[in-house]
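In what follows, structures are represented as structure tokens.
In what comes next, chain A is part of two complexes: it sits with chain B in the first one and with chain C in the second one.
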Partner chain A sequence: MTPKRFRRSNLVWGLVAWLVGILFFIPVLWMVLTSFHSEADAATNPPKFTAPLTLAGYKEFFGATTGASPWPPLINSATASIGSTILVLLLAIPAAYALAIKPVRKWTDVLFFFLSTKMLPVVAALLPIYLIAQKLGLLDNINLMVILYCAMNLPIAVWMMHSFLAEVPVAILEAAAIDGARLPTIIRKVIVPISAPGIAATALICFIFAWNEMLYARVLTGVVAGTAPVFLTSFITSQGLFLAKVCAAATAISLPVLIAGFAAQDKLVQGLSLGAVK
Partner chain B sequence: MPKFGRLVPLIAVMPLAALGMTACSGAGGGGGGGGGHTVNVLMVNNPQMVDLQKLTADNFTKQTGITVNYTVLPENDVRDKISQEFSSQAGQYDVATISNFEVPFYAKNGWLHPLDDYTKADSGFDQADILKPITESLTGEDGKLYGEPFYGESSFLMYRKDVMAAKGLTVPDNPTWQQVADLAAKADGAQPGMKGICLRGQPGWGEVIAPLTTAVNTFGGTWFTKDWQAQVNAPEFAEATNFYINLVRAHGEAGAPQAGFTECLNAMEQGKVAMWYDATSAAGSLDGSGSPVAGKMGYAQAPVVKTKSSGWLYTWAWGMEKAAKHADDAWKFISWASGKDYLKLAGTKLGWASVPAGTRNSLYENADYQKAATAFYKQTQTSITTADPKNPGVQPRPTIGIQFVDIPEFTDLGTKVSQSISSAIAGQMSVEQALAQGQQLAAQVATKYQKK
Partner chain C sequence: MSAVDTATTRVTGPAGAHRAAAKPRRAAWARRAPLLPALVFLIVITQLPFVATLIISFMNWNALYPDQIHFTGVANYRTVLTDSLLRASIVTTVELTVAVVLISLLLGLLLALLLDRVFVGRGLVRTMLIAPFLVVPVAAALLWKHALYNPVYGLFNGLLTVVWKAFGSDNPPQPDWITNMPKGSIIAELVWQWTPFMMLILLAGLQSRPAEAMEAATVDGAGPWQTFRYLTLPHLRRYLELGALLGSIYVVQNFDSVFTITSGGLGTANLPYTIYQTFYQAHDYGRASAAGVVVVIATIIIATFALRVVSSLFREEAKR
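Up next, the complex of A and B:
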């Protein structure tokens, strides 16, 4: 391929990438734009791009008319997401170690067992979990959500961590062992640093999944432990306009995830492509 | 490994952050229990409920010292959540908004706390002031009262006085369906782009099925006989359905198979239809401030054929869960929210046009309300008070209810049948086909009750 042709195909692919990127981003942009419109402008069909901007939707989100503060649900969501993510990492890294670096017997089967728990539709477990939670007095308790989100994300985390840890060169581990390092030290000082991008990627994915989870939160929480997505639905009404309010609330609620995503962006890209390049 | 250096603080900070968050949520979110008086309320997100939420802290809490924790959800979600909460008697909530559809079978299942003792002891509440059909529809089979209404509605015919006058047409106060069909034909095209009538065609047991069932009732049909024989393909049911579908196809709104309450409200406000048969609560919007048709609207009773009246009856009411943990405080809340003083408070603070109406006689005698609702308050009151939930048609019914059959299965049955009806309105299916399918489904539901 001549340099000139190479450059042209580069340009074409660049354009395609941008086009696809923008296509994916349009709904988000639309949401943000609508969140700054008044309810009446948000409801027009065809939509108005140039409608005057207002912060009314955000005032509603912070309880201007209802007096309902968004902070308790946001704090609940943060607790559930961060708590479950930490638990997941604490469990997934040793598990992945046992599957990738020092594989236990039949480790492929173990990996498959992990994944098989994801094959059951989430909703199928809902009723039993509700009844068990009720019996145990755990309904409307944020700790239950921490445990559930941990359980839901663990298989994915183990799989992700498994593929990241598989990249750790065995020679380095052997060298550390020869230097007298024991397993906890090896995990702490060798494996974790090498796979840090992978851990960041796993943590971010788990955080996002937990932050956005809605089905279980809606059913299992109530007055005290309601999470942000459940709070978001409280703006929807079957009588009257609500589009701008909901968009404002959705924008505000996606901000923490967005920030976490940006913060971990370079780590994430590295992490996701870690297994791709040898 | 330079990249690791940056990540360590992040990983180290996360557990601390989590701990901090947990502490916060423990302290801040503890509204459900502990000291002080609280009531946990699960309610539907309708505008009047949001008004109530707005007025709670400065009035109810200030007067009684009771904090109210609201969980507000859209209608379908709240129904799911309420049935889950009440069927398992989880006790997370003390009070929930339930309608006269739920109250009878919730009461039968023992999920609700009877309210008679509270109403008797609470002299200021004045149960006798509440419109009789509403009280009746919130009473269980055992004769005990299980709900207090927040607002109530019936259905009636709304029309454009100016359009009718320009065409030289008069709408009778108690029209028949044939008169309504004739008026719709004559008013069709009265203005460019204006159709004769808006009738719901959108699938859903709470959409097309509601007005259609009132038509079935007055044409002499019913979903089930007293001894649970399905009657969906019976001649009267078919006659009513054919009439309704022919009318909406000939002179009804554009996009009828997708039109529900909201779509018809828009069509009426934008001058796309001359008449509309729907909930009495729509009048508040049509004649409210900012409506382009305010002052141009006339109101008549629901169209009839064989019965004297045909309006439906619906109310969002407060039900107390049997497993409520704060029962006495919960009653105080119900007594406030359904009380006379709340209507005055909402009227003076938020405007009389938006008070939760349709529950108390005293509201209809209130001069301020009469002034704000001149055009429709009498017709609304008549419509609600003439509704007979126990005997809405020409034959005895197995359950209470006008625009629904009061069994849990009806939401599913009604929604399935409504999909065929909607297809028939769209012309994709014949009415006979739609009703034959409906009959099968209804017969399946009926077998469960025949055995009892």
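Up next, the complex of A and C:
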């Protein structure tokens, strides 16, 4: 291929890529744009792309007429997501140590057992969890969601941490052991610093999946511990227009995930591939 | 699942070490110790409830009739397996999963190939392409249902109006997307969310191709198609399989889209939705549990195959 032809084909494929990228982005853009329109402008056909912008949708999201503040569900979601992510890391890092660095016998079987629990449909365990939570008085309690989200993400976290810890050079660990460092010290002073990027990727993925979860939250929480995704569905009303405020709520609730994901795109890739991609 | 359970007991149990000296046994337990908290936690939270599901599945238990709780043997299973709704929802689950995973895998591959080239603003295009995956699933489903699919003021029909007006027609087609193609609507929304995921994994795969082999192919006069067919595709196999497996795990369990877009109506009720409804609205705990057990057995069969694929995948990686 001559350089000139090469350049032209690159230009064409570059344009195609831009076009597809914009196509995929349009729904997100439309969601954000609609969230800044008035309800009347949001529900028009043909669409009013240049309608005046307003914060009315966001005011509704913050409870202007209903008086329902979004903060309790947002704080619940943050508690459940951050709490479960910390718990996941506390359990997954030592487990990954016993699977990658000083592996137990048949460590591959254990690893696959972890992944196989992920294939167990959530709904199959939903009823007993509901009944047990009812008995223990844990219904509508955000701590229950912390525990369940931790269990939900633990298999993935163990897989990811396993493949990240497998990269830690053995010589460093041996040196630390010879110097008389005990396991907690080795984990804290050697493994965590070396595998920090991997831990960050794991934490990001666990946070996103916990933040997004709805089925457990819908069944097991109510007025007190309801999370943001459940709150979001409450903006659908059978009467009147609701498109702008639904878009405002959807944008606001997706914002933490969008920011975290955009800021850490490489971590996202590492995490999504369960650490198979470095 | 239970099959895997026994495998674990073999690993964490005393592993035939009872005759061995105390020292290696202690060493073995020292190795296992860091693993135990995670393993015990996972078994207690995800496996024990399933045992309860199994027991309840043999009971007549409707929460609306609390004085009539008793064991009924396999009655629930007979109901479940002859229930045409449940059978339909099994088919729907397979249809949704296969369609979403295959289409998003194919689209993801095409996008990854595009993004593997050098062009102006590549980072920005990648960022735009990731965005759909980062919208909270319920929010995405609501967005598609109300802001895009709505026959009166949705963006799709709005754009049809704009295009038809541009050509001087006052009579644009205004299809009711969700009613006309309920499954297609759900599939399209899920494909939109999962294509970025596949694209990211496959792009990482493309970028890990050995540069020397690619250069050698060009030097030897291999065309782009030949390079793709005999070099890129075999290299991408692991990544395609990984994407398909992870995608399936999540799409099979999809609840948010079905619940939001059609509320399980118009033949779109998949298994998670049907079980949710049996439990949450009909309060028939026994039947919901039996359905859950059936799902789990089906999942174990599929997962056994899937796991075999992944294990071969990671064994290859270990060999590298």
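Operating definition for what follows: the second predicted complex is superposed on the first by the 231 of 278 C-alpha atoms of A that agree within 3 Å, B and C clash if a C-alpha of one lies under 4 Å from a C-alpha of the other, contacts with A are read in each partner's own complex, and residues count from 1 in each chain.
Everything below uses one rule, namely that contacts are C-beta pairs under 8 Å (C-beta built on N, C-alpha and C of every residue); 3 or more make two chains touch, one makes a residue touch a chain.
On a predicted model such as this, the values are computed, not experimentally measured, just so you know.
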| item | value |
| --- | --- |
| Contacts of A:236 with chain B and chain C, given as first, second, both or neither | both |
| First, second, both or neither for A:219, with chain B first and chain C second | both |
| Dominant toucher of chain A (residue count), chain B or chain C | C |
| Which superposed partner A:154 touches (first chain B, second chain C, both, neither) | second |
| Which superposed partner A:140 touches (first chain B, second chain C, both, neither) | first |
| Partner chain in contact with A:108 - chain B first, chain C second, else both or neither | second |
| Which superposed partner A:71 touches (first chain B, second chain C, both, neither) | first |
| Touched partner set for A:198, first chain B, second chain C, both or neither | neither |
| Touching partner for A:131 - first (chain B), second (chain C), both, neither | both |
| First (chain B), second (chain C), both or neither touched by A:79 | first |
| Doubly contacted chain A residues - partners chain C and chain B | 130-131, 219, 233, 236 |
| Parts of chain A lying in touch with chain B, wherever the complex brings them together | 65-68, 71-72, 75-76, 78-79, 82-83, 85-86, 130-131, 134, 139-140, 142, 193-194, 196-197, 199-200, 218-219, 222-226, 233-240, 263, 267, 270 |
| Complex contact set, residues of chain C against chain A | 1, 4-5, 7-8, 10-12, 15, 28, 31-35, 37-39, 41-42, 45-47, 49-50, 52-53, 56, 111, 114-115, 117-122, 124-140, 142-144, 146-148, 150, 152-153, 155, 157-159, 161-162, 165, 174, 192, 195-197, 200-201, 203-205, 208, 238-239, 242, 246, 249, 252-253, 255-256, 259-260, 271-272, 275-276, 279-280, 285, 288-289, 292-293, 295-296, 299-300, 302-303, 306-307, 310-311, 314, 317 |
| Chain A residues touching chain C - in the complex, by the definition given at the top | 10-11, 13-14, 16-18, 20-22, 24-28, 30-31, 34, 42-47, 91-92, 94-95, 97-99, 102-110, 112-132, 147-148, 150-151, 154-155, 158, 183, 208, 211-212, 214-215, 219, 228-229, 232-233, 236, 242-243, 246-247, 249-251, 253-254, 257-258, 261-262, 265, 268-269, 272-274, 276-277 |
| Residues of chain B touching chain A in the complex | 1, 3-4, 7, 10-11, 14-15, 17-18, 21-22, 24-25, 28-32, 40, 42, 44-47, 50, 53-54, 56-57, 69-77, 81, 84-85, 88, 90, 92-93, 261-262 |
